[in-house]
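The structure is given below, and queries will be raised subsequently.
In this document, chain identifiers A, B, C and D correspond to the written order of the chains, with residue numbering beginning at 1 in each.
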Amino acid sequence: MVNVGIVGATGYTGEELIDILLNHPNARVTSISSRSGTSQKISEIFPKFTNRTDLTCDPINVKEINKSCDIVFLALPHTVSMDLVPNFLKAGKKVIDLSADYRIKNLKTYEKYYQLKHKDAENVPMAVYGLPEIYRLKIRDARLIANPGCYPTVAILSLAPLVAFGLVDLDSLIIDAKSGVTGAGRKLAEGFLFSEVNDDFKAYKVGTHQHAPEIDQELSKLAGKKTKVTFVPHLLPLNRGILATIYVNKSQAALRKKQSLIELYKKFYKKEPFVRIKEEGNFPRLKDVAGTNFCDIAVHDSGDKIIVIGAIDNLLKGASGQAVQNMNIICGYPETAGLL
Amino acid sequence: MVNVGIVGATGYTGEELIDILLNHPNARVTSISSRSGTSQKISEIFPKFTNRTDLTCDPINVKEINKSCDIVFLALPHTVSMDLVPNFLKAGKKVIDLSADYRIKNLKTYEKYYQLKHKDAENVPMAVYGLPEIYRLKIRDARLIANPGCYPTVAILSLAPLVAFGLVDLDSLIIDAKSGVTGAGRKLAEGFLFSEVNDDFKAYKVGTHQHAPEIDQELSKLAGKKTKVTFVPHLLPLNRGILATIYVNKSQAALRKKQSLIELYKKFYKKEPFVRIKEEGNFPRLKDVAGTNFCDIAVHDSGDKIIVIGAIDNLLKGASGQAVQNMNIICGYPETAGLL
Amino acid sequence: MVNVGIVGATGYTGEELIDILLNHPNARVTSISSRSGTSQKISEIFPKFTNRTDLTCDPINVKEINKSCDIVFLALPHTVSMDLVPNFLKAGKKVIDLSADYRIKNLKTYEKYYQLKHKDAENVPMAVYGLPEIYRLKIRDARLIANPGCYPTVAILSLAPLVAFGLVDLDSLIIDAKSGVTGAGRKLAEGFLFSEVNDDFKAYKVGTHQHAPEIDQELSKLAGKKTKVTFVPHLLPLNRGILATIYVNKSQAALRKKQSLIELYKKFYKKEPFVRIKEEGNFPRLKDVAGTNFCDIAVHDSGDKIIVIGAIDNLLKGASGQAVQNMNIICGYPETAGLL
Amino acid sequence: MVNVGIVGATGYTGEELIDILLNHPNARVTSISSRSGTSQKISEIFPKFTNRTDLTCDPINVKEINKSCDIVFLALPHTVSMDLVPNFLKAGKKVIDLSADYRIKNLKTYEKYYQLKHKDAENVPMAVYGLPEIYRLKIRDARLIANPGCYPTVAILSLAPLVAFGLVDLDSLIIDAKSGVTGAGRKLAEGFLFSEVNDDFKAYKVGTHQHAPEIDQELSKLAGKKTKVTFVPHLLPLNRGILATIYVNKSQAALRKKQSLIELYKKFYKKEPFVRIKEEGNFPRLKDVAGTNFCDIAVHDSGDKIIVIGAIDNLLKGASGQAVQNMNIICGYPETAGLL
């Protein structure tokens, strides 16, 4: 049994962490906190937790959290996490940070996309990118997890087999991604009002989204050389889920050999409990992954191009579910504990 | 041809007024203004007006508006309208006020429900309640129209025939109303975020909504004695439309005579272009009224009770469409001009 | 550990039973079947079960089911269940029937509303109405559970305290109910197409819905005399959830004594794990109950009237969740097992 | 004033044609018909037309239609239109066919994608592809209009300037398109039920959609050589609108010269009333085009790639609106008549 703290409990990913961890067979939630000033029962903030827990959501108090928790989840906005992380690390706590603060290894890139000087450069190098399907062994021993972004999770899992085996032209990676609204957090902006989003659909941050360099960083590592993604995110009129349709050109190597891409993907993800490869002619849909920690992937051979379609729940495999999966790995619990 | 000004153009009802009036065969929009500080093309604020108009939305300037307009529409929040109305009236303009400021004749009631002392008590008595089906003759000569609220429009039209003919117990008027989100205006509050409203449904302001006294005021006038409505509004996960399901007890008079309520309603609304009475066994649905100025009504005889179901588009018959209908009456244009 | 069979697995309630029971700590799903002709992996029918189970959905074979199961869930359409129930009962199996076939004790009423002569009149009297909050003791020893309808579940739970204590006029029970689309099952009718339901809202079966006599039957039992509900269901543009707004007149007894209705409700449902009473000024919303087995209830004192608002997930507390709750009671498991 | 007939009135495009043409200043609807067997007031089929028209929808009777109409709109399913077209042409009527039957010039391609031998090969060559922005002059004198498909309309308009001026590599045209549900017509299939589409998103017909060859046919004509599109359509949980995100590689010519793509597009569509080019940093959204005949286009220079985003209302610019635009051209009316 591990004692966990959830810092930043009132956002969507915090709410989701509470939901998962209250039912987790090996975890005990011992601290819930947020940046708001007063203490309040979490079931008053989120009435859906009534009859499930009497825990209180308190102002963030590092000392108290260090006293009661073994693992700390930070579900805070980008640029806020890095103020707190050093304090938990110093106290010997394991930290799973859901923000972007420790994901980008190149601080210049971080500072360009997040428009802020990094305040904890020292701990960035030791942070492990928490994508279990790629970094499971490192996660096991990590002290600080940089939990991946939602778009990067689905993009990297969808492209990893092709990139790792040199089957695609690394300059031609086109990622057309569509996300539900919770991806933006509980943000009070006119663009997220129901009357604006309902019956609407649009692209946003075309060519400027901060997840593009995160995807490039990880794909480049897998490929052994620089990749260049063209990434266009869109906003779907629904709450949960990301579906990415990815278009790539085959490399010379891929054009030469005849092989079943589906078999390749199945083999690559053979032992993965949360990656499901679709059979020929079948494609992911958000309904199948919403509310789950699964990533569904279809790969379609289209002559000189390959079309890959991946789908996840942005709040689960794209955030809180993956965070708990990382906790399970760190603690040596079954990787699916609390997540099926 | 009448020159019209739209004050408060950036809210939903203002946007809707622009949309209707740009296509109106007898109106010329000569001024668009809002409380924001700078001038900007309206097609930059609402890109959907691109290629339709080059008009600019300017800061509100009473003098300029009085110079260029014959009729002024005020699509402003409650409590803001009454600051401006006297200035337009003094200049001899006709004013159609979409706010609640001149609807409630009893100032104490107004002040209780809108939590503010009325600042233009003088002009309240002369304001005509702009429900054409009831007050057409008075509207014709009005200088100031208090355009009805969205809930009151559908509630009053649904109940008027029963109340006017003494067919119902006036203490037993139960109005269970369900509204789309635009009813609340373009309000930046967490409760109106897409992720909060989508897949959700709930009652709000149970027993305290400010439209209840407005409904009671008008029904009491029709009945010749005091009515008492029980009014519960709900929030629907859709943009446009209000459907009200109304339950009333038959009066002794109604219980005595056998009569077809549907025929009664058809006769009552015989010459009305925008009221449509459903045949037996048919009931309104929002889709049939959304985007239109119609009010669809079904009346169902259920023994000692009567069930009435009414439906409108809250932004049209419940606001901007009705405002233009009032303008048509004032100007002597065909009542449906620009509205079919 | 109990072996369970799910008959009628391809509808919404069947799908939901599989979802719950695959994760239930005390149940083992040993048979999944449907009326379609061939065997197929359930994960091919519902890809979301991929990686969760390898079970096959087979044509219904009573003998095989009797061999492998202790408890049989029937998630079949009304009028189909009664063909099968006797076969399972004869084999000594416990049966939880989600259809309406054994709910209505008066066969004439059944035949009027379901338009069919009952084919298993013999077993109707022994069927226990599976509403645990009212019939827990009987459920414990039942051989056949008539699992309640979705609307009746929320209506009865919302009214039970008032009716049981004689606080309301039994002729004045007005139930204005709004349901998500899954309440109708996976029915292929034009009225349930996305393009028809999205952005729409309407009443249906006004005064003729088959759940009205079910509600009256149960409330009459609680009251000790006949009740008469006025019941109008509506179709919401969302998938899951029912919210009922209920209007009743206080009885003379209630008018005489001053008492807190909220306290009364809290006491009445004190030990119930799945009923949550809202505090003053708070009201249920579908989001809080969707995906859960909870029933949230608010009771509002409005002078001579009482307004009660209840909310459930129609597929869980209104169907499959309640069915599993009944199974837990029958088997002596914790009542919340698999349901929190 | 032109007399028009609408054949196939009960589908979404037929309903839309009625809506537009009832309000058209120069058209008189003289015949409404459908394949169903009996005559019925159109306002009984679509209650929203109550108080707007008393026209009857009759079984299709070619003789009667030829007697009362000058122009015939066919809003029929593919493969049904070609049975009727010759009869209207022989009678000297102008025909605007909204089906795909006369769009594809290569009959083998038609037969491959629509799985049926063409029954009116003779009239295919004379049919004019009804995209006014490209074929306005030919449309003026056409006797038979093949009204474009919804996806092709937005795809061709979005790519025409680039393809016509040789600015893109013609093998690299990737069209990622997302459509609302009405694009599929009023089709009774499980996949189009509200409970299946709501909260869902998915790709379909990946690499096999029948609109791909239609797009290639028209782009090849513009380019003067063969193009090859990669086309992946997706289903959005909303009723109306298509947004296509298009990725292309610049040609050598384009890489050499520095030019503003936005200016190029503005010039290309300078006189077009229904094409609107977005300014730098602005992108189309479905809300701006839904309910209109506009096509909004953004073009984004991304180094060696160009990203184009186009949006239309699939039922208007993608079907019935464009059909009326074609009628306006044929009749010499202002092209925007009835469409703004």
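Structure notes:
By our rule, contacts are C-beta pairs under 8 Å (C-beta built on N, C-alpha and C of every residue); 3 or more make two chains touch, one makes a residue touch a chain.
Being a predicted model, the structure only gives us computed values, none of them experimental.
The interface with the greater number of C-beta contacts, when A-B is set against B-C, is B-C. When you average the Cα atoms of each chain and compare centres, the chain farthest from chain D turns out to be C. Distance between chain centres (mean CA atoms), chain B to chain D: 37 Å. With centres set at the average Cα position, the gap from chain A to chain B is 46 Å. With each centre defined as the average position of its C-alpha atoms, the distance from chain B to chain C rounds to 40 Å. Multi-chain contact residues of chain B, defined as those touching 2 or more other chains: 196, 198-199, 237-239, 285, 287.
Looking at the complex, you find that chain B touches chain A at residues 12, 181-182, 186-190, 192-199, 237-239.
Of all residues in chain A, only 23, 47-48, 50-52, 199, 273-274, 276, 278, 282, 285, 287-289, 291-292, 294, 296, 340 touch chain C in the complex they form. Looking at the complex, you find that chain B touches chain C at residues 174, 176, 178, 196, 198-204, 206-207, 230, 232, 234, 236-241, 243, 245, 247, 283-287, 290, 298, 300, 302, 305, 307, 309.
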